[in-house]
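Each structure below appears as structure tokens.
Shared between the two complexes below is chain A, which pairs with chain B and chain C, respectively.
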Partner chain A sequence: MLAFKLAFKNLMGAGLRTWLNVFVLSLALFMIVFQSGVIEGWNRQAKRDMINWEVGGGEYWHELYDPYDPLSLNDGHGNLPAEIGQLCRDGQAVPVLVTQASVYPEGRMRNILMKGIDPSQNIIQMPTADLKVDSAVINALIGTRMAKATRLGMGDLVTIRWRDANGTFDAAEIRIAGIFHTNVPEIDNNQVWVSLDNLQKMTGIGDQVTYIILKQGLISVPTVPGWIHKGYDSLFMEIDTIIKAKGVGGIVVYIILLSLALLAVFDTQVLTIFRRQKEIGTYVALGMTRWQVVWLFTVEGAMHSILSVIAAAVWGTPILYMVAKKGFGMPKGIEGYGLTIAEKIFPAYAAGTIITMTLIILITTTIVSFIPSRKIAGMKPTEALRGKIQ
Partner chain B sequence: MNNSEIINVKDLTKRFPMGLSEFTALSGINLTFSKGEFSGVVGPSGSGKTTLLNIIGLLDNPSDGDAIILGNSSKDLSPGKAALMRRRHMGFIFQTYNLLPVYTVFENTEFPLLLLKMTSGEREKAVHEALEWVGLTDKIKSRPAQLSGGECQRVAIARAMVKHPEIVLADEPTANLDADNSHHILKTMEKLNNELKTTFIFATHDDKVISYLKRKITLIDGKVSHDETVKQ
Partner chain C sequence: MRTFLTLITIFLMVPLFSQPSGKEILNLIDKNLSAKTQIMTVKMVISGARGSRTIEFKSWAEGEEKAFTEYTNPAREKGTKMLKLEDKLWIFSPSTDRIIQITGQMLRQSVMGSDLSYEDMMEDPGLSSHYNASVTGSDTLQNRKCWILQLNAVNKGEAYEVRKLWVDQERSIPLKEELFGKSGKLLKRTQLYNITRIQGRWYPMKVVYKDMLKTGDGTQFIIESIKLDEIIPATIFSKASLK
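Take a look at the complex of A and B:
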């Protein structure tokens, strides 16, 4: 207890030197908490957007369907099984049919996926009601990324070509009846959405579908032969991998930030011990053992971290709170990166991360304070008193 | 060792390594100090005064011989036990005061008592008493940087005396002070020696200090050349 009291007194007495170290450490802690908050916020937001816009409460995939294998689209569809058909009729699920197609905006060909969905669905947030408009032409829905890439606008007509079930090419004009904005590129990039009925007629494959989106909160899902249930673990695998990679990248940044801050503390300790040799000798002359003095200087160094946590809480908390409330703007054009990421991320600060980082800073600061302080144990008090140790 | 003897230095030799050879700072010193002495080790620079004081103060070890302090042989004392001896029984006064710069006069004086784990009430009483001895009760909240050299040395005396040690070792205590301050300091120490029977041992070559000593031990080239009791 005495060491803590004396160390605090000495730190306060050191003035600006102490506060510079405290500020650097608190800045490191703030940046680490902020960055991990941004990553966690992105993680939560991306998953929330995916649930709302793409995957609902999970999906059933036809056993031959593989979104990463275009060849699987020829065979990756089948008739809606009875168990799931009932869910669809009850508004608990919505089927989607996927086929390859090409569009020709401004006379240039673009390979796309044409997806058919029930216009009256309310399982995902896509404004499929726009597909209901009664018209001689096929109404289509595209996302803002697709609209930007193809320079298509509301009401534009564009030729679309596809193969039917017999492998015959067919073509028609579709009209852009709606353009939706979503943070989920997987339902936007190079995709045209039409009504499921239209697509089934266009392809001539009857009532077949490729995958089914389930409603959020559906507790029990039946096992259906020929169809594979995809839960969040599977559907979020890609975003989890990206977040994990970002997390690893974040750890590298944390290590760099923390190393810089710890280097400042280490340098201060080395300089302090060199400059305060007479004081060290005096402590020993007054009756402290050399290890008591080592402990005093270690506590003094470690106390930087305690003060930095308090300082970070004082100046950092309002900033973190404000950013969490107002969001953190992502760079323009981020939607073109192909990641599920919003224009604004609302950081989510995990208590576990803050506690862990605080403990890491406390422990590492104590270690880097102890390393130079150890030298005191080997000092001759008579030389320390004369300030002659080099 | 008779009852009043508190320090017994026997055949003490201290050598320091100097490159490949050795420098002998003290050679075959035999001295005893009794309780309540007001004595000084005098001699020119490099004669071994500070080295002798450091060994008596258990801050350094003899190369040969022994220093028996309050019945404890310096050879048998571990660094921890030596620290405990200094903490309980010794006070130090240095040429450059060696006050802790961030502490106030009160806190500097209180420091030895903190190490003795005294209660705050006991500490406060003892610190006030010590600061009264040296006449610094009005500077209790000042820091060393706000004090004159003489005042700093008075704080150092209060710090050395606050725990009522048996031995006070003062190494060139007046070297940085003018004549008036030197006499003031010396009178204070003389008074404390008379009242508390604390043993004072000085290392000095200052004539002002020498004029106050009751016993003068002259060291030349690491050997005792004279050991005389001064008639007052």
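Take a look at the complex of A and C:
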């Protein structure tokens, strides 16, 4: 206890030097908590957006469908199985048909995916009701990214060309009946959505579909031959991989930040021991063992971290709270990165991360405080008392 | 009176007998345009919204299934090679030093920015075996009398269900072709010029392709030299010749 009291008094006595170290350490802690909060916030937000806009409560894929292999689109569709057909009729699922096509905005050709979906669906948030509007031409929905890339606006007519089930070309005018904004580029980039009935007629593919989106919260799903059920583990694999990679990148930043802060503590300890040799000699002369003095100086160094945690809590908490409430703006043009990411991320601070990082800072600060303090154990008290450099 | 009526009937039917059937015209076209082998040096002029650019290449073709193309000009495209074997297409780009197979969506990309896509290149050019033809009228094009032929696909699965051809009545070579989608929308137009006698056949030395859904003036293929039915070493049509 004596060591803690002495260490605290010494730290307070050191004034600005102590507070500079405390500030640097608290800044490192703040930055680490903030960055991990942003990544976790992105992770949660991206998954929530994907559930709301793209994957619902999971999907069934035709066994030959592979979204990363355009060749699979020729064969990756089949008749809606009876078990899932019933789910669709009950409003528990919605089928989607995918085919390749080309659009010609302003006479420029652009290869796209044309997707058909039931306009009456309410499984995902896409405003498919816009497809129901009466029109002499085929109504289509596009996302803001696609609208920007093709310079298409509401009500515009554009030619679309596709091949039917037998490979024969056809073309027609489509009308942009709606433009939706989503954070999920997988349903926006280079995609045009039309009603499922229209697409099935256009391609002459009958009642076939490529995949089926299930309603959120659908607990039991049937096993259907020829169709593969995709749960969140599989559907979130890509975003999980990205988040994991970002997490690894974040660790590198944490290490750099922490190293800089710990270097400051280390330097302070070295300087302190050098300048306070007479004091060290006095402690020993008064009866303290050398290791008690080492302990005293180690506690003094380690106390920087305790103060930094308090300081970070004092000045960092309001900032972190405010950012969590108001959100953290992403750079302009983030939409074009092809990632499921919102324009604003609301950080989610995990208690586990804060406790872990606090412990790491406490332990590492103690270690870097102890390393220079060990030198005290080798000092001769008489020499130290005389202030002779050792 | 009966003799007179018979003579009149025969007189009226003469043009019908002198008009070849659509099938016959298609066979004559295929005879003109199909060769065992073709070796060509071609200049391709691509006209787009931002002006035009010229690309030169040499191509070797054997029947309808094998083709090899090497780009020679401009410097940026020089050394790019393409190999078509049946329904597969590979491209070698010297800048990346890699051979890639063109599949899926990539087949829909235009060839060097032209009005021709890779899948257009993959189409079987023979018409008589794929389409039923009927003569629907006559017209004058490039000061030549032409039959107008309407071609309807024999089987499902042809890229274009309906084609319309303007065929030179005397030389049995198309001077214009229009390709339609299933709904009847005009998708592509090809015009053939400078019809020249080469090794006993009539052959177009300039072809203008136009994707009717795109803006621009289309793409011109100007044949600078052509050799038909020459022996081409088998090694040309191998992936080894791409590098």
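The definition used in the following text is that the second predicted complex is superposed on the first by the 389 of 390 C-alpha atoms of A that agree within 3 Å, B and C clash if a C-alpha of one lies under 4 Å from a C-alpha of the other, contacts with A are read in each partner's own complex, and residues count from 1 in each chain.
Please note the rule applied: contacts are C-beta pairs under 8 Å (C-beta built on N, C-alpha and C of every residue); 3 or more make two chains touch, one makes a residue touch a chain.
These numbers come from a predicted model, not from an experiment.
For the composite obtained by overlaying on chain A, chain B and chain C can both be accommodated side by side without a clash. Using the contact criterion defined above for the overlaid structures, shared-chain residue A:Q86 touches neither chain B nor chain C, since it reaches no partner. Applying the stated contact rule after C-alpha superposition, one finds that A:R161 touches chain C and leaves chain B untouched. Contact with chain C, but none with chain B, is seen for A:D69 once the two complexes are overlaid on the shared chain. In the superposition on chain A, contact of A:G281 is made with chain B only, not with chain C.
In the superposed model, A:N122 lies in contact with neither chain B nor chain C. By the document's definition of touching, of the two partners only chain C reaches A:A172; chain B does not. Once chain A of one complex is fitted onto chain A of the other, the partner contacts of A:G13 are limited to chain B, with no touch recorded for chain C. Contacts of A:L2 after superposition: chain B is touched, whereas chain C is not reached.
Superposition on the common chain A brings chain B within a closest Cα-Cα distance of 69 Å of chain C.
Interface of chain A with chain B (complex): residues 2, 6, 9-10, 12-14, 278-279, 281-282, 284-290, 292, 380-382, 385. Every residue of chain C that touches chain A in the complex is listed here, in rising order: 49, 103-105, 108-110, 153, 156-161, 179, 181-183, 185, 187, 211, 213-216.
The residues of chain A lying in touch with chain C in their complex are 69-71, 73, 100, 102, 104, 106-109, 111, 159, 161, 163-164, 166-172. Of all residues in chain B, those touching chain A in their complex are 54, 57, 59-60, 79-80, 83-84, 86-88, 90, 92, 94, 96, 98, 100-103, 107, 111-112, 114-115, 159.
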